[in-house]
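Structures given as structure tokens follow.
In the two assemblies presented below, chain A is common to both, partnered first by chain B and then by chain C.
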Partner chain A sequence: MTIIIAILQAILLVVVAPLISGIARKIRAKMHSRKGTSILQDYYDLAKLMKRSEVREGGSGIISRLMPPIFLGCFVLIAAGLPLVMQACPIPMLGDMITILYLMALPRFMFALASIDSAGSYTAIGGIRELLVGVLVEPSLILVLFVMASAVGSTNVGLMSTAVANLQATPLVAVVVAGVACAMACYIEMGKLPFDMAEAEQEIQEGPLAAYSGPSLAMLKLGVSLKQVVVASLLVCIFLPFGSAPTLAPLDILIGFLVFVAKVLVVFLIASVIENSAMRARYKILGRYTWFVVGIASLSLVFLIIGI
Partner chain B sequence: MDMIGYPLVNALGACLIITSMTVVLAKTMRASAFLYSFQSLMLVAILASLGFVTSSSELFTWSATAFVTKVVLVPAILLFTLKKIGGDAHADLLPKINSMKAVALVAVEVFVCFVAVSGIELPTAAEVKPTLAVALAHFFIGLTCIVIQRSIFKQIFGYCLMENGSHVALALLAPQAPELVEIGVATDAIFAVIILSVLVWRMGHYAHTLDADDLCELKG
Partner chain C sequence: MTAKKPVALRIGETHVQAVRDTFPGSVLDATWQAADQVTITVPTDMLPDVVEFLYYGRGGWLPNMVANDERPLHGCFALYYLLSMEESDKGFVVVRTEVDPATMEYPSVTPRVPACVWSEREAFDMFGLRAIGLPDERRLVLPDDWPDDLYPLRKDSMDYRHRPTPTTDVENYQFLYEGHAEETTQVPMGPLHITSDEPGHFRLFVDGEDIIDADYRLFYVHRGMEKVAEDRLSYDAVTFLADRICGICGNAHSVAYAESVEHAQGIEVPLRAQYIRSILLEVERLHSHLMNLGLVCHYCGFDTGFQHFFRVREKAMDLAVLLTGARKTYGLNLIGGVRRDILDDQKLATIKYVSELRNEVEALVDMLVSTANFESRTGGIGRLDPVIARDYSPVGPCVRGSGIGRDVRFDHPFDGYKFLVGMSARTHDGCDVQSRTLVRVEEFMDSLAMIEQWLDGAPQGPIQAEGWQYTPNKFALGYTEAPRGEDMHWAQVGDNQKCYRWRCKAATYSNWPVLRYMFRGNTIADAAIIVGSMDPCYSCTDRVTVVDVNKSTSTVLTKSQLESYCRRRTHSPLAGKGW
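What follows is the complex of A and B.
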């Protein structure tokens, strides 16, 4: 039964991801006083790209070919394992925080590898930017999840979710501070401004995407929007699991589903507003922002140690 | 009562740390003054809840005087000074280290203080030990604020934070102490702030800068 939920929630996130990024684009357009494209624009783009034939760069190897499916696949796997609708993980094996962290690191690694593999010279710089963001934000995320694991006594995200939902995660202040740090880390991980992977503004920032076309590009674009939804869901399912289904009763599942959609939409709404009031930063100064996140994450660790 | 009392004191202690960080990190001095007022409100809440837990009537008197002096009067004096200084006060004086790194520094300080107080036996209760660590950490946070801030006005906040730390430490270590003893620790803060404000105002008036580095050149 739970496996069906896992598959359904993975499919749901994949289907909904372009819609959510479309809504984010619409919000951006509205804030710029533009009319903006339809919120379904991302679906049209994907459909068009799927029909196009694939053009490969001369000189690029197997890594470049493997990267798009691995990128998409990792995030689909995380989406299947997270406790989104229920409080417990639908597939407990995939709900372990170490598995999740590695499943998030693998696409980034492949992405950077593909950027070197490409024959273009700009792609490598884009790959470095992506790696740099990873290096800066992942320690905070690991620290936050470590705090939660110690507070709850398990590395399973589902148990964290259950404990937080029943207000049993102690010490309380450490958990709240960890939640704030996690929200910041997730915002960076979502790749929103100023930590973004730009759509088409500057070739350098687009990075390895510049070397792809056709179905591969479609897979990557879907993967990037799916990543945003997955990261937002990670935040929601660990720190805001209120309303998720405690049992497998159909009514609970339905309520859990509706509440989950509402929570993710609110997270995206807030993220879009912040994104549009920030400016793009040169990647060398990104460290300044991430120091703040590291600071808050270490504060939560200290609160955990001293027990408040 | 004890079931929620001590965790409440500890949670308020954590709020004290967070608010003092916002005081140090606030961009404008006006915001710092308001945040300091908010922090003192947390202090008042700690004193009052400690009063409930230890059923000590003195602590309620403390919290009342702390409310008048620290929540109302000290921020009012600071805001008034800021208004008096005028334009010079709003010059952009960045801290000496990246203020984002200061958060990590504060976390380290709190941890070190916790290790330091772990050997102390408290007369109130072992449960509020984290709060004692917080109180001790406030000395270091205040010191950090004084060391990293260029603006001499902002350095006053460093002093105020230290003052709040000593106030909490006193409440934890001597909850039954009468108001008269407490005057030397809590109420004198207001006089110190008045003197410091006058000094800052005079310096700003003559040198047209609040930058501590620039003022160092005014020797002799």
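What follows is the complex of A and C.
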């Protein structure tokens, strides 16, 4: 039964990801005082790209070709494992925080590798920036998850979710502070402005994305949208699991589903507003922002140790 | 011609006297073309000394140098180094020298005054005049595949319709690296770059993300306007061609050209026409500065600001429609005046637009300045050192952001600017992108105030001068302060109702050479915004157009003609096509 839910929720996220990025685009247009495109625009884009033939850079190897499916696949796997509509993980093996962290690191590694594989200089710069974002953000995320693991006594995200939903995660202050740090880290991880450095259009012409076309670009674009939804879901399922289904009863599942959608939409709404009211951070001072996040994450660790 | 011996002390007299005193026997001739313009002729070997003395010794700045093929007139080529004297006795001193057509050589001034570098490179491209000692002898204007021995602007070289066969299929421009770091990566930016929208090839020499040095190749779309003007158009039609130099500040070029001819011919433009010209120049500044403010946002990835500035900019465009009948302030100038008056109801509507613009832009600028990261994205970025600025004579907000108050409107007041009350050039001392942006903000507000002053103060009267005499072979300077800086036109009419030589210097032409220094020490992330803060105008610099002269003068364009013309403009690979 749970495996069906896992598959369904993975499919759901993949299907919904372009819609959510379409809504984000609509909000963006409204803030620009533009009419904007339809919220379905991302589907049209993907459909068109799928029909296009693929052009590869001369001299690029198998890594470049493998990257889009691996990128997309990793996030589909994470999507299947997260406790989205129910409090427990549908597939416990995939719900382990170590697995999740590595599944998030793999696409980043492939992304950077593919960018070096390409001949373009902007592509390589984008890859290096992506690695830098990873190096700076991942420690805070790991720290936060470690705090949560210690608080609930398990590395399984489903158990963390259940504990928080039932308000059994203690010490409370440590958990709340960890939640704040996690929200910030997730925002940076989503790669939205002001932190969209790897793809910065005006600076490095969309970086590694520039090397792709046709179906692989579609896959990559879908992967990027899915990544944003997955990262937002990660935050929601660990720290805001309220309303998720405690049992497998159909009514619970339905409520859990609706609540989940509402929560993700709210997260994206907030993210869109932030995204559209800031300038892109300079690549060189990204460290300052991430130190701040690391600081908050460490604070939660301190609270955990002293037990408040 | 004016008398050689002036009766009273004229503008520029002190400078001429100083040159005479410092270099006895150097001034072969001194003539005044207009009240504030004097041309002195010096021997070729004295040229670098005299220009250097006037530039550094007398507070001169160098807009550009004009080469001219005067063999049909007196057997020699001539060079005119235009100097804008801005410290004392403000005016223009033009240093003229003749170059022997047998040797085609003259001593380069660039080692003494770096500001000459582009002009001297161009003189070689166009006339084959070699500057001895010029440190950078690469081609500037002509494309890589242009034949080596064809110098387009020589009177006996080619018809303006001639398209020489390309001599090479590959780009062979050498990018020069002047940094010290041993190992750098070259990052090409352009010729087509997402954020520049116009062709220019920047070669960034980087170490990681740090720019060590940069070099660039422009003029991908040289249109050969000067050649067309000399061969194809009569001198009074060139005002309309000058409009097309730029898609933004065409009117500034048109006014500058018209005034160069008016100065040369001694035409007195009616006062009301002078006011109208100034008003239109400032309307142009309104929409140009709003565009740049929007683009600063865009380059920083802050598209919300970009979109809002462009929304408000529409109001400035509406104002242009109201006053000129078109979104661009085109086609308004004639030699001797303007074609269209500002009526009373237009005046009232303009005042309303101005106050609306003031309110909306004030609110937007507040938003921009308080936006997260604005300070860190623009402060200290793209530093233009005042010392470098002094050497290269950059213009406009670019130099005013480095604390140097160069502004033609106030240094050499012309037209309505003579009657302004309580205005002066705006400067900021930060030398960075932020200062240049803030200069633009303040200038925008000033423009609004200027328009109000002129609308109130404009006297009634005719808008065109009539009954003047055309005298062949006279030349003079015309100048305006375009949104991006000073436009300087030098025009000489011939004995056939055409321009004998027309040299238009767009603002950005003076700014490109300093860009290399602004790049250094910044990161790739800042490259686009540094170029943007100069508010560059590629096509102005290139003086390029694919204007089809036959169509624009004789026939009415049908919709399909216009469409195919648009298509041709967008899709034709102009680079490498030469003229």
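Worth pointing out:
As a working rule, the second predicted complex is superposed on the first by the 301 of 308 C-alpha atoms of A that agree within 3 Å, B and C clash if a C-alpha of one lies under 4 Å from a C-alpha of the other, contacts with A are read in each partner's own complex, and residues count from 1 in each chain.
FYI, a residue touches a chain if its C-beta (ideal position, glycine included) is under 8 Å from a C-beta of that chain, and two chains touch if they have at least 3 such contacts.
The structure presented is a predicted model; accordingly, all values stated were derived computationally and were not measured.
The superposition on chain A brings chain B alongside chain C with room for both. By the touch criterion defined above, A:50 reaches neither chain B nor chain C. Of the two partner chains, chain C is the only one that A:34 touches; chain B does not reach it.
In the superposed pair of complexes, A:280 makes contact with chain C only, with no contact to chain B.
Applying the stated contact rule after C-alpha superposition, one finds that A:121 touches chain C and leaves chain B untouched.
By the document's definition of touching, neither partner reaches A:270: not chain B, not chain C.
In the superposition on chain A, the chain among chain B and chain C reaching more residues of chain A is C.
Contacts of A:173 after superposition on the shared chain: chain B is touched, whereas chain C is not. Legend: residue contacts after superposition of the two complexes on their common chain; A:258 is shown touching neither chain B nor chain C.
Superposition on chain A places chain B within reach of chain C only down to 12 Å, the least C-alpha distance between them. Overlap of the chain B and chain C interfaces on chain A comprises no residues.
The touching residues of chain A, counted against chain B in their complex, run 171-173, 177, 288-289, 291-292, 294-296, 298-299, 301-303, 305-308.
Of all the residues in chain B, the ones that touch chain A in their complex are 7, 10-11, 13-15, 17-18, 21, 98, 100-108, 110-111, 114, 129-131, 133-134. By the touch criterion given at the top, residues 28, 31-34, 121-122, 125, 193-194, 196-197, 200-206, 276-285 of chain A touch chain C in their complex. Within the complex formed with chain A, the chain C residues making contact are 185-188, 193-195, 209, 297-304, 306-308, 311, 371-374, 376-377, 523-529.
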